[in-house]
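Shared between the two complexes below is chain A, which pairs with chain B and chain C, respectively.
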Partner chain A sequence: MEDLIQIGITLFVLLVGYFVGSTLERNHFKSIRNRERASRRMMVLTIEDIPSDWQSQDAGLVTGNAVVSLDYFKRFLAGIRAIFGGRIKSYEPLLDRARREAVLRMKQAALDKGYTAVINMRMETSRLASATKKGKSTAGVEILAFGTGVKLAK
Partner chain B sequence: MEVHHRLPDDSVNVSDTHPLKEAATLVLGMLVLSTVVFIGIAFFVELAVPLIPIEMEAKFFGAGWGSVTSEMEEEEIRQAEEVQALLERLAAHWPENPYQYEVGIIPGPPNAMALPGGRILVTSELLALAESENELAFVLGHELGHFHDRDHLRMLGRGVLFSLVLATTGLGDSNTTSLLSLGGTLSDRSFSRDQECDADRFGLELVTREYGYAAGSDAFFHRIQKMEQEGLVIQFAATHPLSDSRIDFLRETSDEMHWEWDGPLLPPIAKPSTPSESDPE
Partner chain C sequence: MDISNTETIPGKSIVSYYGLVSGSTVRAKHVGRDIMASFKNIVGGELKGYTELLQESRTEALDRMIAQAKSVGANAVVNVRFSTSSVAQGAAELFAYGTAVQVQ
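Then we have the complex of A and B:
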């Protein structure tokens, strides 16, 4: 009986985590796609130097970052995945969202500063240690996108 | 250099497996894993238990017993002595009996349990509700059956080793623990069901040898069944096979072995001097 109650509670939290998490995820992806479409004229390139036939009037650092955490459902799946090995599929959309959000924010920062493109774009990922479990578990992941904003002369 | 304004990749980085399908696969894998681990452990325990000498068992598990006997009131000590006398009579029909028994009375709903080292706990409500000596004799005989097969050691061994495996392999990390122990609990249930049947058969044999017939052996299950229907007991069904099937099993076994069933019921023993408040009357 106690087992059943415990399993019931776990299942309930899992389902709530799943429904809330997947609704938020769907909405976020929708917003990401809209903003990507809106900002597609802002070029983001990974080249280190601007091509010789381009001219830049201004340049400066631009950054954008996103911090994401897991819902209970994703963490649960990843916990089991850690036993069997293989792709942690439940993390994939989460990190994809974070990467694209970081790039979108960097583009926004570039736009605010009057740049028309970002070159030499790089990404960095770092884990945020959880304060509660003596830093052993992960509170979330930060993804930082940064590059050199340039104002190209047409 | 020419530049085309393309949209970023939208799908290559995300698997298209539905999360719920992924969850179902992983949970199933987990249950299979824990069942396999559990059966492996149970197999090992089966091999190891016969190698543990009885003296070692008694010595090792004697420690906590003092607290049970010291909490017993004067009346419970008298009851325990009466129950013990009946137990010894039954155990006399098991010639190779290697144990020295000790009975303790604890509060709680009707139940009895066998503890390692030859100790048997009987609840005060079991004694208060029993309507015949035969009813109690069968319950004690059933517990003797657990000692005969050393089931208490097996169950303990399985539980301890399973937890140990979870702890040492790191399989028991937070979220997955409940799933693994669910697999363990489910597997354990089927093991203990077999053990209960064997203990029932053994108890029935002792009772038939003592009285010459088995009447009253199923009385305890009828009582539990009634209490379950009235919603008074819920935890019993979880640890024991359903009362229905056990009643049938007793009757069938008795017929198969050509043992006598019918006979007079003897007056109950080890009754409390004041009626228990949980008595339904």
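Then we have the complex of A and C:
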């Protein structure tokens, strides 16, 4: 009987993870696409220097970050996939989401400071260690996007 | 104080170099945030508490770097880099470093 309850709880958490997780993901992607469209005018470059015909009036560091984690259901799937190896599809949209969110936040920070473009954009990914003793939960992955915001003269 | 992650400050020229400046901070997440995050782990997605925590910590590391740059008489820091590492269970080190310079 106790075993049944245990299995029941696990199944319930899996289902909640699946349904809530995928709804949240869909909404987040929608919001990302909208904001990307809205901020298309702000140029983000990974080159070091501004093209020589541009004039810069002001410059400063801008950053944006996002910490994300997988839902319970996808973590379960990823665990099974890890036995056989191969491409883990459930992680790809998660990291894509986090990267785009971090870049959008960096763009927003640049906009708030009055910059019109960001140059030398770099990204960093780091895994955060979990605080729980058993190591059961994944604390998450942090994506950091940073670059130099520049204010271009007209 | 001008901060950039490019070799120079766009629109300005470097007149003298002061060398490496850095700032770091080690932060742990407090229990409340951690419990919230483990609930959030069921549905996945962004862990806002951690995002904010890391953002604050990174700002602090940058502030320390800037303070060091000011103490050597610089008015800008160029080529700033970040590094994040999990040093212990539940704690992360955020490190910022760059080259202190005088710009005109």
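In this section, the second predicted complex is superposed on the first by the 139 of 154 C-alpha atoms of A that agree within 3 Å, B and C clash if a C-alpha of one lies under 4 Å from a C-alpha of the other, contacts with A are read in each partner's own complex, and residues count from 1 in each chain.
As a working rule, contacts are C-beta pairs under 8 Å (C-beta built on N, C-alpha and C of every residue); 3 or more make two chains touch, one makes a residue touch a chain.
Here the structure is a predicted model, which means the values were calculated and not measured.
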item	value
Chain A as common anchor, with chain B and chain C clashing or fitting	fit
Which superposed partner A:I83 touches (first chain B, second chain C, both, neither)	first
First (chain B), second (chain C), both or neither touched by A:K30	neither
Chain B versus chain C as contact partner of A:R100, first or second or both or neither	first
Partner, of chain C and chain B, that touches more residues belonging to chain A	C
Angle, in degrees and to the nearest 10, that opens at chain A between the C-alpha centres of chain B and chain C	120
Chain B versus chain C as contact partner of A:P51, first or second or both or neither	first
Which of chain B and chain C A:R40 touches, first, second, both or neither	first
Partner chain in contact with A:K113 - chain B first, chain C second, else both or neither	neither
Shortest span in Å between Cα atoms of chain B and of chain C, once chain A is used as the common reference	13
Interface residues, chain C side, partner chain A - complex	2-12, 28-29, 34, 37-38, 40-47, 50-51, 54-55, 58, 62, 80, 82-86, 88-92
Parts of chain B lying in touch with chain A, wherever the complex brings them together	1, 3, 5-8, 10, 13-15, 17, 19-20, 22-23, 26-27, 29-30, 33, 171, 173-176, 178-179, 182, 185, 234-235, 238
Residue ranges of chain A in contact with chain B within the complex	1, 3, 6-7, 10, 14, 18, 22, 33, 36-37, 40-41, 43, 51, 53-54, 73, 75-77, 79-84, 87, 89-90, 92-93, 95-96, 99-100, 103
Chain C-facing residues of chain A, complex	13, 16-17, 20-21, 24-25, 28, 48-50, 55-61, 63, 65-72, 74, 94, 98, 101, 119-120, 122, 124, 126-133, 137-140, 142, 144, 146-148, 150
